[in-house]
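Below are two complexes that have chain A in common, paired first with chain B and then with chain C.
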Partner chain A sequence: MTVVDDAVQQCRDLLDLLPAEALARAQERHPRVAGFAVFPVYAPVEIIHAAGLMPLGLFGVGNKLEITNADSRFQSFICSIAKSTLELFLRNEMKGFTGAVFSSICDVARNLASVAGRNAPGMYLEYLHLPQSSPTEACREFTRSEFRRFRDNLGARTGRPITDDAVARSLGLYNRVRALTRQLYQERRHRPGVLSAAELFTVAQACTRLMPEDAIPLLEDLAASLPMRKPVSRDCVRVVIEGSFCEQPPIELIEAIEAAGCHVVDDDLVVGWRLFRHDVPAGPDPVAALADAYVADSCYTSVRFNAAQPRTTGLLRRAKDAGADAVVFAAAKFCEPALLDYVLFRKALDEQGVPHLKIEFEEKMWTFDRLRTEVETFTESMLFE
Partner chain B sequence: MAYIAGVDLGSGGTKTVIIDDQRRILGTGNARSQADFDAVARKSLAEACAAAGIAREQVEYVAATGLGRYSLDDRDIQITELTCAARGAHAFFPEARFVLDMGAQCTRALSLREGGKVKAFRTNEKCAAGSGGFLERVARYLEVPLADLGRVSMQADDPQPISSVCAVLAESEIINHVSEGKTIPNIVRGAHNSLAERSLAQLKLVGVDGPVAFIGGVALQQGMVEACKEKFRQPVLVAQHPLHVVAYGAALLGLTRWQKRAAPAMA
Partner chain C sequence: MTTGTKAPPVSATVSAPAKPSASAARDYRGVVHDLSKTVMTDWMNQLQAAVHDGTPTAYLMISGNCVEILRCFDILPVFPEINALQLAIRKKALPYILKAEEIGYASDNCAYVKADMGYTLSGGVGEEGTMPKPRLIVCNFVGCNVYIKWFEQCAAMMDVPLTMIDIPFVRENQPSPDDVRYVMAQLRTLIEDCEKLTGRKFDIDRLREILAYSARAEEGWALAKSLCRARPSPFDCYFDSINMMGPINALRGTKAAADFFDGAVAHYQKMVDEGVGALDEEKFRIVVEGPPPYPYYRNFRNLFEKWKAVAVQSTYSTVGGTWEFGFRHDPERPLESIAEQMLMHNLCNRTMTERYAQIRAYVERWHADALVIHSVKSCRLFSAGQGDMREYFTKELGVPTLMVESDLEDPRYYAEAQMKNRIDAFFESLEYKRIREGAPQPAGSQP
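Up next, the complex of A and B:
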């Protein structure tokens, strides 16, 4: 087994765990560290880490937990991630966590935060009002105040005020994690067969379940080992995957897309944890620097609006920069932000003559044959027309 | 000279065709499919290379198709058997706008657009009753070698009806016919007629109204071809090697891709 195979397998093993189990795994290296769950899309994990807590991505539970209680709180047309997240709280499966942070990404997430809060007495449930609109001075000030509020509340909760120095240190670590992730994405874009999209997705998602101190050596080893890896040479269509910015698809779905003849050259998977385009300089006020980066240096997602730079432009640029032939729009079932955006994306892609395919997924999905055939038909229509 | 391979990893057999860049067939291979698809495909590919008089390393591009297409590690591309069947059948019979591909476990009816592209299709993948697997059972019940089934069927003078749509239940009907003293050729022809009727139902769903290219292993059976001619009331066209048509289609599509990839280098 190569270094890359070994690292990817470790990440797969980590993703097979429930959040509390992943936390317990981290505690073997970081005794007594408490967890703090981060519901997608984005939260300033640096502040959580600076508080001496472990930020841990809350991306649902896949097939690891049967949904039995959450169905009684949510309607059938609610996305999987909301239900499985609530199920964790209802079943007391968040042992070891001090709290969790949600943000204003959609109506479901907004209600999830309060419903989870009512069912998790003793936990600190934070709700961040992240600005939806375009970057303005007022927007910047508002974001700074929200991040400071979060910092102060978290410090009060843990009984240890969070210092700027601590945030700056954490920012340095997460800058490194994001830079290494960007490097892997670049490598895959230029040599698509060298690291599959499923492998990179596995690694990126697993990094949300690692302390940055542990993610960095893992990513560094991967980056150093990739040049030695022989790429799998296949005749494929280069595609961008769009629409999976919140709930994450099963890894098997990404594997099916690749098996059907696609080289995934860019995507928005786990995008909240790699949101910034560049390293964020800590400066004298690292919390303000983080807020400013969120406002001005984050990549587009369907949960933000910027009139000057529409998301459709962002997608077209992403596809062009990656040298993509097509876009696969993979949205979670009942994900309103994604599905509403699809209308705009489809129009923009059609106007530019970029082929596209829409598929939907949910956490409990376990059979991918039909989907693979669908993608295969799509790729063949491009390869042989 | 470039050599392209099309490998059809079917449930019954794994067929390979090697062509050159002039689309000429240089060699074929055939191996019985087993659990290790990759190993079987390599064996079939090696056989085709030997028949073509070339080394495996000389094959520039490998296009895999069939249900086991993802299992061939050494492939450049995988293509659905529908696309390959359409392209292969069109290459042999450009006048045919309909294709019936009958393999061991699956029967597909296709209608084609210009250039041998798939327009519509119907498939029976979930049940062996309408495919070659059914005939294998019939051959086993009647203790007739599978290879002789088509010839035996041609001796029929009073074909017996087999109405069941289930291969397992059809066995009871066959036993009844045997116990009633019906001859083996008449029972076999009954099975062929039954399959032809089911195929016609699929073809009707894709709007059959012209010549049908009949491909796949079952098209090797003369009695089956005759049954189809009677039931379809359309010309039924059978290639010299119907078993390899899908693999040939894969090779042609592979050649298309190879030429596109090689074009910048040649320019």
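Up next, the complex of A and C:
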């Protein structure tokens, strides 16, 4: 096995675990660290880490757990991540976690935070209001105060005030994780096939289940080994995947997209954990620096309004920068923010003559043949037109 | 984050003599409905006129809105939610929903958005249509994230400037001073935008006058709703609330709306004094959660009337404001009180568990026998997690609870036979329970 194969395999193994099992795995190296779950899309993980906790991405449970209780609480027309996340809480599968944080991404996540809290009385659940406004001074002030509130509440909960020094240290670690992830994305963009989309997705998601101290060497090894790896070369359409910012598609879906003739050159998978476009300078007030970066240096997502950075412009630029020929819009079934955004995305792409294809997924999806055929028809129409 | 389910205080209490009477019961819907129709028609006529006469107009959302600021500049408010509601209730929504789906909306998106966008794209808004094209789009993001997308899309498709007012969700017991400051800063930006649009200077005394009318209407709302604590209840606080929701949400801040509530309260008070109820017999008192199925409003209502069930409270009626729990706009603190209302005193910007507390207060203080949850596919703000709500009320509080599903806009999701079966079975079991427990017949019912 090469270094890359080995690292990807480690990541794949991590993703096969339930959150509490992934936490237990981390505790082998970091004894006694408690977990703190982060529901998508974004939360200031640095503050959690600085509290001596392990921030862990809470992306539902895929098909690792049968949903037996949560579907009586959340109706049939609600996205899978909400149900599978609640299932974890209802089944007391969040052992070892001090709490979890949700944010103002959509109506479902908001109600989920409340319902999960009611059903897990011992857990500390926090809800962040991430601003839906342009980067004005008022917005910046509000976001700073919101991040400070989170810091103070978390410090009060653990009984250890969170110092600026600790946040600055954590920020340094996460800056490194994000920079290395950006590097992998960059590498893939320039040499598509050197790292498949499924592989990169696996790594990016696994990093949400690793302490940053452990993610860094893994990513460094990967980054160092990639230049030696020979890209798989095929006739492919270069595509951007858009719409998978919250609930994550099954890995087989990404594999099917690739097998159907696509080189994925950029995507918004696990985007909340790699949101910032640049390193965040800690400065004298690292919490304020983080808030400012959220306001002014994060990439666009479907869960944030920012008049200074319309999402349609963001997607067109993402496609252009990646040299993409097309966009595959992959949304979680019933995901209101993604499905509503498709309307303006589609309009903008049509106006610019960028071909696009829309597909929907859910966690429990198990057959990908029809989807693969759909993508194949799409790519063939582009390759042989 | 607050998860308490402690019931909030109720602002006004009116006890009523339970005196069954056959008089005037038939008229109840007529009088207040007509009063409401008069003021609402007047506003609609202004909207119609504004299509051509150049009156400045602005889009606004219902939930926790700041209509008073627009009114202060004589900007005519236009509510696309009311447009969607009217399309549905007149059974005209489906073609527009389909039209919206043609341009990319998913079958699972909120159908209020789809109906309104379909209508707009079919020429319903602007010179050729019935609704004026807005000159400004004001997105009061109070709870519902769909609001943001909806108005962004309106702004993009009609090329109209958008002012976003980001209202932090209530995540502690109270909004923090920083939350209030943030909202007030945005209200000031809105004021500047209104000044630019109209060329007029902001007049805070005018805003105070407007807010005094708001407070009067809010007082009337609270009084009317507290009258439903009487047995029998003078009006159905779910189905008939729609008569009060137009004036309180769209026309708040006008003398006409304040007068409307004076008239409505006087009428309902008289009914209570005479012991006249919404139905000629009141057998069951229910609280209803969730928006109604507007395309089948009448049918749905009949399914409850048949069982002589009257809604004594409803959560849907409080999307704009929870006035029955005491909040009033304050002319002495104009912008602060507008900010506080947007942040705190409406259903949409509060957690599910706070909604449970609201319903619990309704059940206990309005003396309800049961809770009915109408779960709508379109509106996840309301519906996501209602299964847990049912669990809480049945298992933890022992309140009989019925949950039915359809939609507030899309007629394709209403299955009459199934709906009827569920509702009949529920009331049959309530009736059986009552007989078994030998409970006395409720006041107002026939022997």
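Please note the rule applied: the second predicted complex is superposed on the first by the 385 of 385 C-alpha atoms of A that agree within 3 Å, B and C clash if a C-alpha of one lies under 4 Å from a C-alpha of the other, contacts with A are read in each partner's own complex, and residues count from 1 in each chain.
In the analysis below, contacts are C-beta pairs under 8 Å (C-beta built on N, C-alpha and C of every residue); 3 or more make two chains touch, one makes a residue touch a chain.
Values in this document were obtained by computation on a predicted structure and should not be read as measured data.
**Student:** Based on the superposed arrangement, let me know which partner A:A308 touches: chain B (first), chain C (second), both, or neither?
**Tutor:** neither
**Student:** Contacts for A:E126 in the overlay, against chain B (first) and chain C (second): which applies, first, second, both or neither?
**Tutor:** second
**Student:** In the superposed arrangement, which partner chain does A:L383 touch: chain B (first), chain C (second), both, or neither?
**Tutor:** first
**Student:** Residues of chain A touched: more by chain B or chain C?
**Tutor:** Residues of chain A touched, chain B against chain C: more for C.
**Student:** Touching A:D235 in the superposition: chain B (first), chain C (second), both, neither?
**Tutor:** first
**Student:** Mind pulling up the chain C residues that touch chain A in the complex?
**Tutor:** Residue list for chain C touching chain A: 1, 3, 103-106, 108-110, 113, 141, 143-146, 148-150, 152-153, 156, 162, 164, 166, 168-169, 171-172, 176, 178-179, 181-182, 185-186, 189, 351-353, 375, 377, 380-381, 383-388, 391-392, 405.
**Student:** Within their complex, state which residues of chain A touch chain C.
**Tutor:** Those residues of chain A that touch chain C are 71-75, 77-78, 82, 104-108, 110-115, 117-119, 125-129, 131-134, 136, 138-139, 141-142, 145-146, 149, 303, 305, 307, 312, 333-334, 336-337, 339-344, 346-347.
**Student:** Mind listing the chain A positions that touch chain B in their complex?
**Tutor:** 233-236, 259-261, 373, 376-377, 380, 383-385
**Student:** Once bound in the complex, which stretches of chain B touch chain A?
**Tutor:** So the residues of chain B in touch with chain A come to 61, 70, 75-80, 83, 87, 117, 253, 256-257, 261.
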